[in-house]
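Working notes, beginning with the structure itself.
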Amino acid sequence: MNKIMMKGTEAIGEAAIRAGCRLYFGYPITPQSELTEYMARRLPQVEGTFLQAESEVAAVNMIYGASSVGKRVMTSTSSPGFSLMQEGVSYIACAQLPSVFVNVVRGGPGLGDIQPSQGDYFQATKGGGHGDYKLLVLSPSTVQEAADLTGVAFELADKYRNPVLIFADGLLGQMMEPVSFSDKKVSYDNSSWALIGAKNRPARQVTSFNIDPYGLEKMNLELQKKYKLMEENEIRYETTLTEDADILIVAHGTMGRIAKSVVEMARKDGLKVGLFRPITLYPFPYEALRKSAADVSLVLTVEMSSGQMLEDVRLAIAERTRVEFYGRMAGVVPMPLEIYEVLKQKIGRRS
Amino acid sequence: MNKIMMKGTEAIGEAAIRAGCRLYFGYPITPQSELTEYMARRLPQVEGTFLQAESEVAAVNMIYGASSVGKRVMTSTSSPGFSLMQEGVSYIACAQLPSVFVNVVRGGPGLGDIQPSQGDYFQATKGGGHGDYKLLVLSPSTVQEAADLTGVAFELADKYRNPVLIFADGLLGQMMEPVSFSDKKVSYDNSSWALIGAKNRPARQVTSFNIDPYGLEKMNLELQKKYKLMEENEIRYETTLTEDADILIVAHGTMGRIAKSVVEMARKDGLKVGLFRPITLYPFPYEALRKSAADVSLVLTVEMSSGQMLEDVRLAIAERTRVEFYGRMAGVVPMPLEIYEVLKQKIGRRS
Amino acid sequence: MTHSIIISGFGGQGVMLMGRVLCQAGMTEGKHVTWLPSYGPEMRGGTANCTVIISDEPVASPVVDSPEEVVVMNIPSLLKFEPIVRRNGYLFINSSVVDREPKRQDIKTIKVPANEIADQLGNLRVANMVMLGAFVFTTKCVNIESLIDAMKYKLKGKDSSIIELNVEAIKQGLRHVGG
Amino acid sequence: MTHSIIISGFGGQGVMLMGRVLCQAGMTEGKHVTWLPSYGPEMRGGTANCTVIISDEPVASPVVDSPEEVVVMNIPSLLKFEPIVRRNGYLFINSSVVDREPKRQDIKTIKVPANEIADQLGNLRVANMVMLGAFVFTTKCVNIESLIDAMKYKLKGKDSSIIELNVEAIKQGLRHVGG
Amino acid sequence: MKNAYIEIDKERCKACGLCISACPQGIIRFSSEFNSKGYHPAEPNDPEAKCTGCGFCYMMCPDVCITVYRAVKV
Amino acid sequence: MKNAYIEIDKERCKACGLCISACPQGIIRFSSEFNSKGYHPAEPNDPEAKCTGCGFCYMMCPDVCITVYRAVKV
Amino acid sequence: MDYKVAYKMPRSLSGKQFTYCPGCHHGIVHRLIAETIDELDLREKTIIVAPVGCSVFAYEFFDIDGTVAPHGRAPAVATGMKRARPDLTIFTYQGDGDLAAIGTAEMIHAANRGELITTIFINNAIYGMTGGQMAPTTLLGMKTTTSPYGRKAEKEGYPVHVCEIIKELQGVAFLARTKVTTPRDVMTTKKYIKKAFQAQLKGLGYSLVEVLSTCPTNWGLSPEKAIKWLEENMTKEFPLGVYVDKVGDAK
Amino acid sequence: MDYKVAYKMPRSLSGKQFTYCPGCHHGIVHRLIAETIDELDLREKTIIVAPVGCSVFAYEFFDIDGTVAPHGRAPAVATGMKRARPDLTIFTYQGDGDLAAIGTAEMIHAANRGELITTIFINNAIYGMTGGQMAPTTLLGMKTTTSPYGRKAEKEGYPVHVCEIIKELQGVAFLARTKVTTPRDVMTTKKYIKKAFQAQLKGLGYSLVEVLSTCPTNWGLSPEKAIKWLEENMTKEFPLGVYVDKVGDAK
């Protein structure tokens, strides 16, 4: 497989096309506009359709439309844009429409800045929109992984008829790394539920509406069953030197690979530090983390936020172990040495 | 104080007016339109301004505007409408604009139904919009409490320069109970920061924008400091017969008072059941709940959702105690006996 | 002492008002009251009901699994609510509209031909007040005087003839059950 | 073996391209590489830099607190990055633009009058390639051949005269540092 | 011998009366019976076989209750 | 004796040249010096005192670098 | 003598009873759409995008595939569908709150793009479903639950004229305003609806038919009186007629 | 001989250096607004609502109180301000992406309500800040990063004409399209901006001035060539002139 240097945003775009996505609707916003622009350039070359929506609100509803007629479709945005999509996302989740979203998170809240951040973790994993729904949330840490997980995202979306969110940050979006793509032919078939004309069968409805609360509760229970299945089958994470670790760092996305450098530093100093990197943020790898953390004396969660995944980490290990947090906000990226210093300090304080 | 029978929605409206709110911007949506309509009728009578916005997106930004010039202002909506407001809410939180929001939650996700629900708990407490921000979230359980907390909401909003969310459900919104209002004269003064013309002082900016990540991180740290203060000073909750309880029910809002009936039933049966009702959902009363749960053998969280506050309950008591959950969704309201049956069953299973 | 009441019927039968008048009456007597409406899944003109609690104590749950007193003004309401009336509770049936018998024997059933009585009074729309008169006289959840005052309060601004008609309806109702 | 490199300068000086050419070269040699751009808070025309990692191992962190090799093409970059060069690391200075001396003694400083050399070649815009030639020859992070190939790959489609000019610039650069 | 006649689906009818005022022949009226929704549905009342089959009633009926039949000319 | 003259804030100037083409007298040019942003700023070049004080340069300058002075007629 | 059905429920309706109030014009327009679909033989390839409004259930009333969009976003949903499956015929059915308030941007941009979709727009000058609040098309002076003292131009602005706003957008291929208060109107409206679908089928651009409609319930009038009120008030504010017609009259 | 300042930086600018690219017309328009504020003596009671776009920093460039609205929502923010404090003068400053794409509904409804606010609308046919994507006002055939093969009417629709869309809304009191490519244009534009503010001060309704502007950077042209391109292409698509004027010409 030939490797080419690509930005994370562009790799996601190319991978989507390889996954059979021929439709993109989106609205420009830094730091993800490269993905929008990539699709504008590439999709016409493969007889696909690129359309710049008039807003993120329009974009998410175009996704709803394209998905409801059975096609693989995707959009991408950055934080404020994803906030605008929340109503639509809730509709899509309830109507069980497969679709892929990319949020290249930037510093917030509000207009914030355009630097990398992970401050939309809660929004992504707990449901930024209304009601009891879940997105499948994937957090890649390298450009290659971003490409690979994009393929996975389309598969999972169809498998569960659920929206999938690729949660990236500005670092990953802008970073270039060598990447290769699989040439596997993809095919998919959503004709069993999609709105493609009531020909030789009863008319079909795709809906998030049920005026009868018992009917709606049934719809919700179906969703919950599906989420249960996801929790059983779709958990992904990566561990580095956790077997003998006395101290565990938990970090996701690019923060995860920055933390890997910390592990390397610490190991050189003879400190038994390991790394747990959740790849699926929802479903969160509670069980696996609990195991990895079973014998450590300290868990340090590092995020580019004020501490959001931290709550899931706490839930996972139920405070049997001390859980500390370190984070930077607003696009300030915690650096390896910086984190290592914090780590040493926390250990110091312990003794 | 004279009591009158009023719907929860209307009581909130009247209380807002008594709290000095003379501006309302909103968009109709069931089951909160009575509040919009109440304001349309009442505000002109007190020389206030009611304006029906063209959408919830417009409404939240009108709130931004009115608040930024220093006036007390409010909007109300129900679930899908609040999802549409998320971008604006994130801006308002970051720009530190005091303002009061009411979400009369209905069954979701998507269009859902128009029956009572608590399924927007995560959205309310963890931040449905992007970035690290928090709303102050108040969950009243009676019409009187709704009125009282509305007054509190305006005070807190100004005190912390933070948006405050009144989290109600359709039950509370539609229910009528006797309510009385305080006649206390209110006054407030936001001239120290509001945009009222650069007269005899340097020009001022209200903003959620800082292109420099270190500058934005500083803004974030200020927010975090404020949240810390809220966590220290603004926690509210109510306990019922928790002192000698062996089993603790945790429920908020109208679910809390329904649970109170369960406690009454159980006590009649000689079961030592107590109730913990968080009133502030953010800041969540972790410490107080931990204490109330210290000596119980079972905690049952009851929600009109698939289990959202449940995570905060777990975080509070760190699973030292068994935490069980019961919930109904989509507008189906868990009834006292129903809950009691579940409770007995859970106790049964334990032994 | 706590009365938990469900009043149910077609949209146009004034069941919501019945509940609100009851609450108003309870409140003026210094009792704790709640009124909770519920509309069926039909968009327009379907069956509606309200739950009323009148109590000497602050009201905990405004919803009840098993009300003590139920008023059904039409057949769907009978089908829905008969099964959940509390043992030894009351079931009030508008027998002008509900032409079938309840099945339960462990509850007290009271039939009021409310429409016919109202018709005799010259206005079908006061059937709800007829029923309310019968209900209050039987259950004693509030005083008849408070009930009449509450009704007047709710109809404030209406023609005095209309108010008189409603008073008469209440009186006919309680007369029907022996008052 | 891991090289961690920061290349920094004005927006127009082609520092981003320098990093990308380096990565391309590393990749063709089978190395693991990352390129990470960073733009200053200024909206337009401010200082920009990129971080490049070239390694025999998969790259963990794409950001570095303390790079081994730093190239500064203007004064603000010198001020910003001199302090963080790793002990015994390299600091490459475009001395045509940076008319001041670094302060640190524990690092190796290499001055390249890149603009002047480029000017002699007839095109100021190839100053970046001059610097790259000097950089690669000194640090050996990739082979010169790979570098030239990578540059050609990046300039694919451009006039052959332009490509020749860039090759010449690289050569002059490495010649300046003794290559 | 009637040239045309109509049928009204009583159960669908909501007694809005629009067909009644639309009929140029004035041959529709409200029934005295109730349907299960509680309405007095519209019913054809055409003893003199005045119906022309013009379809106005059909056109104005918001609940699509009406079917119009016309005699087939052979 | 000049009737009018202009001053240009060199540090604000971004060398867009709009003032130069706007000046009917052709008396603005780019300086050979750099300003701290790295631009060759515009500078007045009016040895023959041709400036009329018309303000066109001011009007077209997107960076508000120019001040125009006119002689006061006494 | 034999009889033949001259008018009956069109094939493209599901037969499910409408949930509209007695006399509400939504039902008439539904039937006209269904007839059009039948006549153009589109039933097996047409998708309805219902709005949030009283017609939220519309997707159940037609015997065709359908969905319900978030409030106001039907044109965006329809755009997504049409771009993904240009072979399908897509129409949105929207109320005045849905289309002219919250959905303003989506409608205008779909129109401007000449999106090959058709919109049937029910202008009843009120928010029907939510209980009678002011709509963008509410007339001046009209009392609603959110303009309880009557709509005032200085405060709430003027009734929004959708056809007038979009008539100059070049993407629009057919645009007309009509009503269904008489059998004659009904026939005219049917003609417009057909043309609107033809604009789509012929690839000419976006089409929209605005139907002035009654809401007896929230206007507080009987169905008959509501029709009269519409005739006397709404047609004055909203001139009827064809605003854009690129379809032409040939069959 | 004594000299007097004939032209200098207006009082209502903060003096902070603009962050715009060389030759960008944003700066000229800023200055004209500041001059107008000075001349009408409004500095101490005027609030600017900046947009998201290259002019996101505008609220720092004026020496008046100000804020930055979410992308597209400036008219709603300004509405909130004006309703809360009718004594203040409020203006929004918006780009074509901000106003004519994401903010379409907010702008149209503010205009329709006759909201007493003023909008200065910079139409540069592109998304400047985000790096040159297609705007609603991008010309047909024009290549941008999101219309890399040139904008096509069939696919992306037609350039949106804001003045033409809102000119029939009765709430609009002053509406004009202009440019600032010559000193004469600059003077005309200044006159329009002044009238727009006067429309607000006199309580006549909503006012909007659309300024055709260059974006040398994303058009890939020098400042001079950009002006030429604007003259030759944009003025053809977007006719200049006054569309609505209820202010009149008396002082």
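So that you can tell them apart, the chains are marked A, B, C, D, E, F, G and H in the order they are listed, and the count of residues begins at 1 in each.
Keep this in mind: a residue touches a chain if its C-beta (ideal position, glycine included) is under 8 Å from a C-beta of that chain, and two chains touch if they have at least 3 such contacts.
Keep in mind that what you see is a predicted model, and the values were worked out from it rather than measured.
J.: How many links in the shortest chain of touching chains run from subunit B to subunit E?
T.: Minimum step count, subunit B to subunit E: 2.
J.: Which chains lie in contact with each of subunit E and subunit H?
T.: Looking at subunit H and subunit E together, the chains touching each of them are G.
J.: How many Å are there between the centre of subunit A and the centre of subunit E, using C-alpha atoms for each centre?
T.: 60
J.: Using mean C-alpha positions as chain centres, tell me how far subunit B is from subunit C in Å, no decimals.
T.: Centre separation, subunit B to subunit C: 34 Å.
J.: How many Å are there between the centre of subunit A and the centre of subunit G, using C-alpha atoms for each centre?
T.: Centres of subunit A and subunit G (C-alpha means) sit 40 Å apart.
J.: Tell me, which residues of subunit G touch at least two other chains?
T.: Each of 20-21, 56, 68, 70, 101-102, 104-105, 109, 129, 136, 155-156 in subunit G touches at least two other chains.
J.: If you look at subunit B, which of its residues touch at least two other chains?
T.: If we look for residues of subunit B contacting two or more partner chains, we find 51, 54-55, 57, 80, 87, 91, 95, 110-111, 113, 207-209, 211-213, 215.
J.: Got the subunit D residues that touch at least 2 other chains?
T.: Residues 41, 43, 45 of subunit D touch two or more partner chains.
J.: Along subunit D, where are the residues that touch subunit A in the complex?
T.: Touching subunit A: residues 20, 23-24, 27, 32-37, 41, 59-66 of subunit D.
J.: What does subunit A use to touch subunit G in their complex?
T.: Going through subunit A, the ones touching subunit G are 23, 25, 49, 51, 53-55, 57-59, 61-71, 73, 87-88, 91, 95, 195-200, 203-209.
J.: Sort out for me which residues of subunit B touch subunit A in the complex.
T.: Listed in rising order, the residues are 57, 79-80, 82-84, 86-87, 90-95, 105, 107-115, 117, 119-120, 122-123, 126-133, 207-217, 219-221, 223-224, 305-306, 308, 311, 314-315, 318-319, 328-332.
J.: Report the residues of subunit G in contact with subunit A in the complex, numbered from low to high.
T.: My answer: residues 14, 43-47, 49, 56, 59-60, 62-70, 73, 76-85, 88, 105-106, 109.
J.: Where on subunit G does subunit E make contact in their complex?
T.: Result: residues 1-10, 13, 17-18, 20-28, 30-31, 180, 182-183, 186-187, 216, 222-224, 227 of subunit G touch subunit E.
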